[in-house]
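Scrolling down, you'll hit the structures one after another.
Shared between the two complexes below is chain A, which pairs with chain B and chain C, respectively.
And now, the complex of A and B:
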């Protein structure tokens, strides 16, 4: 009996070691690094206490980054999760039938398959002010074009719009799967009781797909705070610092300015924010309860 | 229920930690195989004398070589030359690694911090390489040049001077020469009865006339912010005296309080109405494309862009002129903006002799002649112009040869945080979001911070 109790732990050991080695230890060393001034190629490091934190929080770019990440997060929640779920409900409903269902599902999902860098490059062409696709289309309708990525006020929204195009279909796919798992019994019962499609969606489908919805929101929120490639591949934070975000800032501190301490502080900040938001979401939705 | 929610929580925490750590995973190299191979060759060298058949492969040396020209035809040219050298020297084998410009800047820093440092690598002049010199990672080439006067004499002195520290250490050999000149479309100029301007007022006049004729005078893309730094760097040379600039570009003493810096930004602003609209939304090479496709009359270009232009439009007729003079400006107008780019040897290489021998050939006159013919870039060896018929290339070459002084690229000369602030501020200025004074105030603040950063950096080395 004793051996039996111990055996499972042996099976867990490799996994635990891997997680320790690749997740927990780096996170801890990252926190340690945030108190030092060091670069990637120099041997020495200087203890600077909380100075990196002071510099990070007093940097005039900090509020801009926070604003941009939050904007990305909120808009993504509304469009990707909100509209994506709506699309999923439509796809799952009787409005669309048979093969069309599959066709649209795949169509919406397609952009998510393209590499982020490729999408970024593609959109720099689409957004190009002089010969770009978007301005040419606007021209046809007699509308005025813009320098989408070159205007300090528009740049971050242009990047956010690009991401919505890419990932709404991804959330739709995840939600369609969740809705398909909802037992037909409940839906039939509701139908017999006279519930219309809207009521069915609100009272049956959504509550039963709650867990999946939670996963989707967590993915979206975490994605919003570690946003990197979309910005790096289009504006790199410009013009000025108008589209700067935490992820790109972290990278630039580490590999452009040889300031790994500042990069570590940024990493710690992203970590704290994402963990806090995840806990909050789980609490609010009371995950695990039906 | 409580238990389950805890489980969920831990799972979520774990997931976010994992997501974060994935995001943090950057470069990393795969150079182990090379180290293993080296270990093997050493072992073979110790014991392999007996079987003579294997001797040749037993003495094999691997030289790792990193450069930043993965685009064609440059990549093929480099590969072909290296293969040629391998054929001439069967004992040498190259491990080549090519990465594009922006990524290269970051990658090389990471690689130089690890155990798999390349033997020979591409590096820019100025603070970019000097940061590695401060860590003793770059081989001093001075003794090798002293030892071989023939080699030393075969190279253009003014260009080697760029790869020399203030203490007189030569740390690199140029691979391609470069400088910044205004290129102008001769057809458009003729049609509008214009001549290449030599002074600022003439330039403004030309721009005004072109604009009135409905032609974009200067094409310019600044989506990648280094692009504007070529204008600003040149204007700083014109408006700020040499000694003040030298003091400010040095991170330990930089202040940027001279009024010349503001003036330089004001002159840059004066150009904006004559440039491509919304330059911050346009890629730098789009600016070049517009010029080569005759959609603009002028373009402030690097000499090394000539091959790209000719590939885009072989029929383009163009001339070049130096950045116009500003009458009465307090700075140095003689300086030609531009610096050569070349290769340095890592001080930790196991084969310094072989690396130097290779660079003598690879960056020497023999390869230099083929290089200019095949890919349109001059290296720093003398007498490579034989047989070059392209007048534009020859003109550019002469301009470099006749320059009394060359100024480094602004983004290589400045300390990285100051540089970043400078470029960001200029990007804001380009959009009209800040005034020149506000921009300089931001740069001054960063320069002050950089002084303390460099100071803490210095204590660490002691």
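And now, the complex of A and C:
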């Protein structure tokens, strides 16, 4: 298009400025903060070198949080991305009729539209040991109930299960959309070659929807390490610190213990882990393309 | 053929089983939101003696209306700004072949990998220093900034697919680039705008971290914070809390089912092509 050289930049400027001011600058500032001791209520700050990092990595809660975030990540990858994609293949196949297809797809996506806080609060009722839905249903089948969120061994798993309930349909929707974009020509050609549905899924659908699958795994992995609301609204990291995760720890350090330096280090850790894992996943996907 | 019917049976059985898993907990929440507290404690699976719509009225009057109003305002302003700035940015990147536009796109896209947690403490300090802390702007500005990357990502792939012939004809008619954007690009991009609107509304309406930290005043707080406060205030009044949860969740679900066709169409067009 023939326009003044500057014109396109005027269109880009406001958006880019917002992203730089409110995303990039705070993230970079956070790295600087991680080397200081500072408080929310005063402007003073003292340089402490790597002391915040030493405190963070030697904190007895650190291995618990790391374990919980990794658990959440691995289970979500298996259930949401793995099973969610399988479900998308089923919905995309000719086994389910057109109208039912859309109905199921929309229904599975629905929980993702409810706020994390609302889902968290709903599940505190569902998991409630005396009158909660889950124990009531187990009772009908003659099974023993549990204090799902009050038991330090079960709490994190109960939270993870809640998230799978909420977000599997989201990944399914994203994958259905990607499968719809796969050209019918390829599918027809494979059919003529005698490839059955399983073979078509493995050799055509999945490879051609690879990019979307990558987007889904990245969303899931990043989501697992910035996990916050789900835990905050249900257990706040308890009982004890048994369901503590990085995101809630960061919040508590900053706004309960007024230890902004420690919060900043937690932020840097989340940042490094999410960016490293994203790059790794992109590398792995790309390496298959030779 | 017999094998195919067996597959069909299992596919439907799976889909119906999953539907039950999704719907039963929600149904139980709605069922109990229509009971009295003693009824819920007696047997949470039983039907109510008489339907207690009064729980919904109570939830609304006990402060939910205020949180609701705040959420509508914050969401509307954020959404308009997200869509405006992102579409302008995506337009600038895709339709001019301007120098450096790929680099700018990568910088914006990089924002997708940066999570809200990492920016939380510095943003808190910045908002405090500028006097924006505890105002609507304290959440609106970060919402806009954090949603631009993903929105640009979706819009860019849609805009790229628009044929240039349309613009060339418009230039002959003497349109400038802004007129082309308003009169040609926007009208044919409706599906992607619809998809981006739902995705972003879902984020903004439900956002908790920033709202919890940056809004201190009850009169400014949005629904997710309101629900937490609400539960604390009501303590043992379970059924009213449940009614509040239903009220808070309905708007987006209704909106989604009204717009689901446009939404999926937009997402399909904006998705990475296979």
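Just so it is clear, the second predicted complex is superposed on the first by the 270 of 290 C-alpha atoms of A that agree within 3 Å, B and C clash if a C-alpha of one lies under 4 Å from a C-alpha of the other, contacts with A are read in each partner's own complex, and residues count from 1 in each chain.
Throughout what follows, contacts are C-beta pairs under 8 Å (C-beta built on N, C-alpha and C of every residue); 3 or more make two chains touch, one makes a residue touch a chain.
Every value quoted in this text rests on a predicted model; they were computed, and no experiment measured them.
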{"item": "Contacts of A:169 with chain B and chain C, given as first, second, both or neither", "value": "second"}
{"item": "Partner chain(s) touched by A:57 [first = chain B, second = chain C, both, neither]", "value": "neither"}
{"item": "First (chain B), second (chain C), both or neither touched by A:274", "value": "both"}
{"item": "First (chain B), second (chain C), both or neither touched by A:21", "value": "second"}
{"item": "Most chain A residues touched (candidates chain B, chain C)", "value": "C"}
{"item": "Partner chain in contact with A:87 - chain B first, chain C second, else both or neither", "value": "second"}
{"item": "Those residues of chain A which chain B touches in one complex and chain C touches in the other", "value": "19, 22-24, 26-27, 30, 40, 218, 222, 226, 228, 247, 251, 254-255, 267, 270-271, 274-275, 278"}
{"item": "Of chain A, residues touching chain B in the complex", "value": "19, 22-24, 26-27, 30, 37-46, 48, 55, 60, 124, 127-130, 147-152, 218, 222, 226, 228, 235-241, 247, 251-252, 254-259, 267, 270-271, 274-275, 278-279, 282, 286-289"}
{"item": "Complex contacts: residues of chain B adjacent to chain A", "value": "1, 4-5, 7-9, 12-21, 23-24, 26, 105-106, 109-110, 112-113, 131-132, 135, 137, 222-225, 276-283, 286, 290, 416-417, 420, 424-425, 427-428, 430-431, 433-434, 442, 449, 453, 456-457, 459-461"}
{"item": "Chain C partner contacts - residues on chain A that touch it in the complex", "value": "1-3, 5, 7-12, 14-16, 18-19, 21-27, 29-30, 33, 40, 87, 90-91, 93, 95-96, 100, 102, 104-118, 121-123, 125-126, 131-133, 136-137, 165, 169, 173-174, 177-183, 208-212, 215, 218, 222, 225-226, 228-229, 232-233, 246-247, 250-251, 254-255, 260, 263-264, 266-268, 270-271, 274-275, 278"}
{"item": "Residue ranges of chain C in contact with chain A within the complex", "value": "7-8, 11-12, 14-15, 18-19, 21-26, 28-29, 32, 40-41, 44-45, 85-86, 88-89, 91-93, 95-96, 98, 101, 104, 107-108, 111, 113-126, 128, 141-142, 144-146, 148-149, 152, 164, 167, 171, 176-177, 180-181, 202, 205-206, 208-209, 212-213, 223-225, 227-228, 231, 238, 241-242, 245, 248-249, 252-253, 256-257, 260, 264, 267-268, 271-274"}
